[in-house]
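Heads up, the next two complexes both have subunit A, just with different partners, subunit B and then subunit C.
== the complex of A and B ==
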């Protein structure tokens, strides 16, 4: 009987080890298999689209216009329909050699909280009038699919 | 131990063995099929990712660079790489470069863009009107990746769409 008990313990340890190894193996295999399906380029493309959008807005002079409504309409019309976005602008006033925070504004299409992957781009710009720097601004554009 | 007992024991072992072999064969067949599917699906994903990366690199070259030589539009047949932006002004597209790009032979364009398969390219205004287009819009090879980029043409924002397929 003592022999039987000892045998039982050996078998239980063997089977536990075998099941654990099998579980590790299958989990590893499933993880690697799932990894191959990830689209590594999608996030990069969103980042590039956000960079493109802010650069284009600066080139057209819309970014320094300080007109959030026009900016929002412009972004909505230009970004691909499948993209959602949030534009946030921070403005600083220039006075006596320094910048002081003036105000912030933001607009969005869609809800970023519902998306797993959000790409962001940031651009700094200055607002000039009569050859003088009036404002300094930071634009942050977050883009996601959905 | 009688002969009958011995026989019974032997039979019991062979049933155990047969059951174990059956379970093992079933598990092995399942694993083999899973493995085969995983390899096929990984190969498809690798192909898709390669196509996506090639298309993204080509779109970068088009939007951010002016190509080589910088004034390749003056002699499109001598172009060694294609870029549509003004020199030193990424995102600002040159209409002359665009019209020359769309005029270049499809096969040459494909090689200059570094795409192994086919491609279709167009530039559209914010209202969706197509201004320039080049390439082959018929998707071949079953895989296609579409890249949308934003740039400025003649002071207005435009969308570039590059569809790589193959």
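== the complex of A and C ==
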């Protein structure tokens, strides 16, 4: 009887170990699966929206126009209402010595909460006047939900 | 005793299988994450290539050659006095992209872009700029040179209106299959001058622009099979040239250079074309 009792304890321990392993496996699976589902799809969408927004502004000529008010109105009208954004424009001048920072401009909708997931896009452009490059510019558009 | 050993081995095997499954899932999840980061890299390289191509296009159409399509006609409008500014601006843009671009390994094929060289598809006609010369060069085929019906060459120059002199000319009947319609018009500071002919595309014809001292200011040449050349003083100011190319088919697209932008984002490499119309 004592031998059978000892066997029972071993089997019970085996079963517990198996159940623990199974629980570990299922928990790991659920965790990793959740991590996969938590992928950057939403982030990618924001990034794509930001890229497309800057591309559209470049195509319409608003980005190189240096008219921040018109640019801000276009972005506000185009991005979904639930999106907040911040557009920053940096202008540089070029000489034989290289590039010198000229000035900056920015506009925003909503409060940038850095704890939120922010997607950023950058686009370089040229500002032309009378067939000459007036400025080389960098537009950075940050977009987040909320 | 044997049963115990058997059970232990079974448990160990089971644990090994479970660990193998867990690690497989982990590897799978990790690979899914890599897909996302690969998408981000691809998107970044695409956006960078598009950004560079758009900036070059704006520079090119603002400073060098504007291209527009209207039916079967293609119009190349260019301020020849601006080409130096264009080249300087392009060199600056290439440096700017390399220094400040979101994906910093951006290169511009300057030999194709700075001339600038424009390819007209699908007719395979090339507009080539070199110092003091503009050439429209078709290929010797029915689809290329054979598609050219004629040229309008219009010049706006800030100089006293010159007189026109044909050095050599071979004309054809309008209904001839070798007929090439040619019109030249010039507006100078004291009036306009023009000439219209039907040339024979098998022979070269040369029109010279002479000033009051009979010095050559510029030369327009039609050469077989249907090429057009315009020679001018490289330092000339206020020289606006418009060439209207008359085709017997619709043009598809005009491209600056050939795939002149290259973005190297490490795992993602991308080339971009600069389409002008």
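Brief remarks on what is shown
Here is the rule we use: the second predicted complex is superposed on the first by the 101 of 146 C-alpha atoms of A that agree within 3 Å, B and C clash if a C-alpha of one lies under 4 Å from a C-alpha of the other, contacts with A are read in each partner's own complex, and residues count from 1 in each chain.
As a working rule, a residue touches a chain if its C-beta (ideal position, glycine included) is under 8 Å from a C-beta of that chain, and two chains touch if they have at least 3 such contacts.
Keep in mind that what you see is a predicted model, and the values were worked out from it rather than measured.
Once chain A of one complex is fitted onto chain A of the other, the partner contacts of A:44 extend to both subunit B and subunit C. Comparing subunit B with subunit C, more residues of subunit A are touched by C.
In the superposition on chain A, A:28 makes contact with subunit C only, while subunit B stays out of contact range. Judged by the touch definition given at the top, the superposed model places A:108 against neither subunit B nor subunit C.
In the superposed model, A:80 lies in contact with subunit B only, and not with subunit C. Applying the stated contact rule after C-alpha superposition, one finds that A:68 touches neither subunit B nor subunit C. In the superposition on chain A, A:138 contacts subunit C only, with no contact to subunit B. When the two structures are aligned on the shared chain, A:53 is found in touch with subunit B, with no touch to subunit C. When the two complexes are laid over each other on chain A, subunit A has residues 29, 33, 36, 39-41, 44, 48, 55, 59 in contact with both subunit B and subunit C. Per the touch definition, subunit B reaches subunit A in the complex via residues 34, 38, 41-42, 45-46, 48-49, 52-53, 56, 59-60, 63, 90-92, 126-127, 145, 147-152, 155-157, 159. Those residues of subunit A that touch subunit B in the complex are listed here as 29, 33, 36-37, 39-41, 44-45, 48-49, 52-53, 55-57, 59-60, 74, 77-80. The residues of subunit C lying in touch with subunit A in their complex are 3-4, 7, 11, 14-15, 18, 21-22, 25-26, 28-29, 32-33, 36, 39-40, 43, 46-47, 50-52, 54-55, 58-59, 62-63, 79, 82, 85-86, 88-89, 92-93, 95-97, 99-102. Interface residues of subunit A, counted against subunit C in their complex, comprise 7, 10-11, 14, 17-18, 21-22, 24-25, 28-29, 32-33, 35-36, 39-41, 44, 47-48, 51, 54-55, 58-59, 64, 92, 94, 98-99, 121-126, 128, 131-133, 136, 138.
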